[in-house]
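When the chains are written out, they are named A, B, C, D, E and F in that same order, and each has its own residue count from 1.
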Amino acid sequence: MSIKKSPIIENLRKMQMIELLSKEKRLDGRSLTDFRPITIKVGVIQKSNGSAEVSIGNTKVVAGVKIETGTPFPDTPNQGLLVVNAEFLPFSSALIEPGPPDEDAIEVSRVVDRGIRESQMIDLNALVIEPGKLVYCVFVDISILNMDGNIFDAAFLSAVSALLTTTFEKKIVKGDGEIEFQKCKLPTRCIPISVTSIIIGDNILIDPNEEEESVQDSRLTLTFNDEGNLCAGQKGGSMGISREQLFKIVELSKAKAEELRSFVKKVIENAQI
Amino acid sequence: MSIKKSPIIENLRKMQMIELLSKEKRLDGRSLTDFRPITIKVGVIQKSNGSAEVSIGNTKVVAGVKIETGTPFPDTPNQGLLVVNAEFLPFSSALIEPGPPDEDAIEVSRVVDRGIRESQMIDLNALVIEPGKLVYCVFVDISILNMDGNIFDAAFLSAVSALLTTTFEKKIVKGDGEIEFQKCKLPTRCIPISVTSIIIGDNILIDPNEEEESVQDSRLTLTFNDEGNLCAGQKGGSMGISREQLFKIVELSKAKAEELRSFVKKVIENAQI
Amino acid sequence: MSIKKSPIIENLRKMQMIELLSKEKRLDGRSLTDFRPITIKVGVIQKSNGSAEVSIGNTKVVAGVKIETGTPFPDTPNQGLLVVNAEFLPFSSALIEPGPPDEDAIEVSRVVDRGIRESQMIDLNALVIEPGKLVYCVFVDISILNMDGNIFDAAFLSAVSALLTTTFEKKIVKGDGEIEFQKCKLPTRCIPISVTSIIIGDNILIDPNEEEESVQDSRLTLTFNDEGNLCAGQKGGSMGISREQLFKIVELSKAKAEELRSFVKKVIENAQI
Amino acid sequence: MGKLIDENGIRLDGRRWDELRPIKIEIGVIKNADGSAYIEFGKNKIIAAVYGPREAHPKHLALPDKAIVRCRYHMAPFSTEERKSPQPSRREIEISLVLRRAMESVIFLEEYPRSIIDVFVEVLQSDGGSRCASITAVSAALADSGISMKDLIVGCAVGKIDGQIVLDLNDLEDKEGEGDMPVAYMPNLDKIVLLQFDGIFSEEEFKKAIDLAILGNKKVYEILKKALIEKYFGTVDEK
Amino acid sequence: MGKLIDENGIRLDGRRWDELRPIKIEIGVIKNADGSAYIEFGKNKIIAAVYGPREAHPKHLALPDKAIVRCRYHMAPFSTEERKSPQPSRREIEISLVLRRAMESVIFLEEYPRSIIDVFVEVLQSDGGSRCASITAVSAALADSGISMKDLIVGCAVGKIDGQIVLDLNDLEDKEGEGDMPVAYMPNLDKIVLLQFDGIFSEEEFKKAIDLAILGNKKVYEILKKALIEKYFGTVDEK
Amino acid sequence: MGKLIDENGIRLDGRRWDELRPIKIEIGVIKNADGSAYIEFGKNKIIAAVYGPREAHPKHLALPDKAIVRCRYHMAPFSTEERKSPQPSRREIEISLVLRRAMESVIFLEEYPRSIIDVFVEVLQSDGGSRCASITAVSAALADSGISMKDLIVGCAVGKIDGQIVLDLNDLEDKEGEGDMPVAYMPNLDKIVLLQFDGIFSEEEFKKAIDLAILGNKKVYEILKKALIEKYFGTVDEK
């Protein structure tokens, strides 16, 4: 996908965008640091262990969690497994071709994976059935339904929301050796939040839409844990970024992550899993 | 294969075909419900457990059966396995490219598989060595050698004839725990038969050749068991079919299946496996 | 790669080459039976169990050996495993495309594999941990860094040199059941050597460079064991070869293999593994 | 009295023999697509979307006299009881093929020479009859895209459970029953455009099944029509 | 006395050291192909067929001054003792390559610029020496297709069993023996076009093996010639 | 006192917090390539080579106004503790992507319309920080190829071990430490062109890490400059 010709944005439109940016405004009327409207619906896929459909503006993704049993890695016998997989569904954009995940889908998977893993959101140690032999494996599959920029944050939000509402049948071996299955919530410890910005010239735009991304210089996705510490980051785009811009983005994103976390908390509380 | 340009049939030839059809005749002189000459040779591949080469006119296929041991599916611990696989060999037609099975090969595999499975031709319950652990796996591999229409029936006939003449070394555990291998016939219960017709305009043609298929409106493959009941069906072609045509095809095919079954029976009896 | 247009050698150059050949000379000044300068560096990849970088003129390859445990083949329960794999790195030539091994890479792998296997260089019977269950698996991976003809001999030399300097941690079960790991040399029994020649017209050229290969009639790779017996061979090129040429090549190659073996021996002795 | 139908002729999920599961259709759910639709059919949750007609690419695929239809039917990894591998299975490839054929039967392909029409189906949650639900969604998405069609297509399976021919099998009935027969239908042209079945049907049962499928499909058609009218002309009801 | 040759010099299947297994060649077995042949060589049962010369597709493959040859050697899943996976193995890919090279040595490629000649080999049942049997079948198929060739090619292996050089190893001899050497040969041009071997051969043994292979190949050539003449000019014998 | 840094502030391999591992750069190691370089960076041993600008093939990939960069980062099967499968892993695909982006930021792409620049990286032995070492090698290879660039790019990771921000993690520190942050940098333009990180960093730690990375990168830059000058202008030292 990446080396295809990018859709031509009419020059006029671009000039207009840049002129507006000089007044700290965006074509869709937002301020530079505004997110578009976000909706999160959890529990949309009853056959999954947890699920969430997330929209950020016209960007729309759905994540489903499946919990199955598997063999732990030899070097982490006391940890459950986490597998994150993202797919750009072929109808999500006119530019996507069906096929195995390309580099962009793999990047989304890996950035989401690192944010969840490094924040230690999931207590993987609590997902062991028999050390070294049998553990729970948490599959997070993210289907991107419609692309309009900022896929990273939409994917991350959907994964986090799905995980926060995940339940599964846990195998309990009782004292007398009897086996019982008990419905449990997935053990989570925090709500990591990712915030993506782009740079166009000297301007920092949070939550870029596709039109904005098409003229971006750089992109930066930062993930924060509950304490406001950074836990993962990924630069995109094909231009350099200065130290000063970088630090400014960190500050802006940190504040934004707080806002988003409160929103997610409210959604999850209302969901009453 | 399917989305390639179909070979252009000269318009004249097609008009001639349709004119003849109005007189209930076909270009090769057959009546609308005649099969082309069929030959079945069984036991052609000595290294297989069962095999058959089938020609219907110029269409030619060979099927080989291999019986190996494997693990049953978790939800059917008391059943052996059936795996059907068809390949259009690249020399079977000028239009075939070498490569992994395309959608047409997969359709043939799955239609043959359903006909055999749904008719309960093979007694899968008799193919268990150790319930839930070890069963016999029946591989039916169908190689299409030359294409001249009606691949479905040729493939089905070859699979059925190969299975009817399949023998294997069965592991017998005797009372005293001793293990013995005993040559057995594959336990079969009936002779399912598929019959394929196409519709061109108002005409129903049984056993179409490639030229006829190239102008077909619809195709229908119906599989019948020994009692004359339908056990599997598959519509092909890119035109609709009316309820009345459908019912007429069922009647015609049912009669045809009886004829073919008698023929297969005779071949198998003569083969004296 | 093979069915691509071969790089056009200017006709003049080719005529010059053939004229020189008639005087038993080559464009780079060598006699017909000379190898280009050969360098062998062993122990270049510390993380591997054995490694060697080999240059023959501008042709450069590196081989790394990894020893891991695995399951033996059912029909050779008392033998360790040997797996040889070659890759033309995409920077080795302007004509290589990244991707899974093509037929040329597979040919190199298989020719090297046969030479090592048939000479019985590795004592596979000494690589069994538990018969039928657990054995050592010797992976020989050959990365071709730069192509300038005679890949076969460079690959073979690198594989053999890497194997001759391979050590691994062997699991020793002591009398009292205690397990100990002991650093061992890979058990080898001989130094097989391959020699590749090409035929251009009536001339036999040993160790062809790429320019010479591009006008070759035939290629022949012969592998010899310590006793001077042939143990594997592979003809390449798209022209026939006469019985007499063939016998002459065998004689020439046999002598050449002796020379190379002495050279390898010296390198290995100096390496003091 | 069977295990799937009780003595009053009521199925395990409370339906009678000729009743459909609840169906909900929403048009225009994928903003970027040229046409799209979402269907809930029992527990099936399926999105279909259409791109095209657009220039064939690579060009050698193009036909000089008509459009090519490409179709991908795909199941999300979380759509099934056990996680499904994202790689397309043989089942998904076969369904892609039969859906494509059905679409070819209804689109005026000659109106779009040298073009490609891409049809993508994603099953977010699967239940019995997912290919029938898919075809209905695809037909809605095609209508939404404005591509010329001879008719709409609707889909609905019939089957045999406890020896009886019934409409629209759910997952359990499909698994435990004696036969399943997905049928897709053009209601105005009165033609069957998709037909597959497995299980044992006598000739009489087969005919009965086909007639019931047509009946069911006509009901689905009413629901589809209503959804399209709502989308394009609005209605009294809140959606 | 060895285990593969008895004290009278007779091999386990009753042959002497310089005897071929029974060979049967049939020309024109695949109706759609431009040329085809079927060979039985011992227990080998192999079909080879040729399409072309035809326009290269995709076009960038084409060479301006000669034809390209493509070759696929493939084994049917039921052709071996254990079922073979239908995916091409490394062995099949290598044999495809050496067969292609042999064909390139014998076809007048310059007569067919910008074209492709496709050669497909399917092994329905495999036995020792299948690549040699294949090359003979391919050569027959090429002759049947009318493509211009400098000569025919025939193939026949030699090997070493119980320390002795013998002609045409069967499966068991190949497996239990000390060396195998498939050789393909142009009988009129007296050139070797395919040569591979593994196993231990002294220089003398090697030379003896080559001479025996040439002898064997001349016998195969007689059989191939007879089959072609039968096909094209008819004979007294019933086929 | 932590497990990775002792009471004197010395790391397990003897380095202080702001010290790089030994670096060795050699230019022009792959004869056939248009530009190439070999780097040893700690135990990393990496070759990067460039082909191009050359005609885009297939042509539909070409852009009318600038060059396309393709990049493959690949690890040799013997480069890691456990043998690595030769198939590209998701990690290798992601690193290929971020390397490509970094290269796009520094090459004057507009000077090479309709062209492709191919960048190939082979890790012969891997250690911590292999993507940073790779980018330095690629930059050297590009310089060697003569392709127009706005600046050089150098790479160097920082990380957090025993609660402290340190320069240039080795394998063990990467595995046992609390965070890793590969950074690539254009020293003359003073811009960061690659940034990834995982692990927990407070805002202050993050800033400190970035500043340390820039410092480290400036040191790498001096080494790279020296290697290029040595190659192109010779030096007093024997190489």
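What we mean here is this: a contact is a pair of C-beta atoms (placed from the backbone, for glycine too) under 8 Å apart; a residue touches a chain by one contact, two chains touch by 3 or more.
No experiment lies behind these values; they were computed from the predicted model shown.
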Chains contacting each of chain A and chain F, listed by label: none
Joint neighbours of chain F and chain E, given as chain labels: C
Maximum centroid distance from chain C, chain identifier (CA atoms): D
Pair from C-E, B-E or C-F with over half of its contact pairs in common with A-F: C-E
Cα-centroid distance, chain A relative to chain D, in whole angstrom: 32
Chain A and chain B, separation of their C-alpha mean positions in angstrom: 49
Whole-Å gap separating chain D and chain E, where each centre is the average of the chain's CA atoms: 52
Touch-based graph of the chains, sorted into line, ring, star, complete or other: ring
Order in which chains appear around the ring, chain C first, chain E after it: C, E, B, D, A, F
In the complex with chain A, residue positions of chain D that touch it: 30-33, 36, 43, 45, 47, 49-51, 54, 72, 74, 76-83, 86-87, 118, 120, 122, 124-126
List of chain E residues in touch with chain C within their complex: 61, 63, 68, 70, 90-91, 93-94, 96-98, 100-101, 104-105, 181, 186, 189-203, 206-207, 210-211, 214
List of chain C residues in touch with chain E within their complex: 2-3, 5, 103-104, 106-107, 109-110, 114, 117-118, 220, 225, 228-243, 246-247, 250-251, 254
Contacting residues of chain B [partner chain E, same complex]: 44-48, 51, 58, 60, 62, 64-66, 68, 85, 87, 89-94, 98, 100-101, 139, 141, 143, 145-148
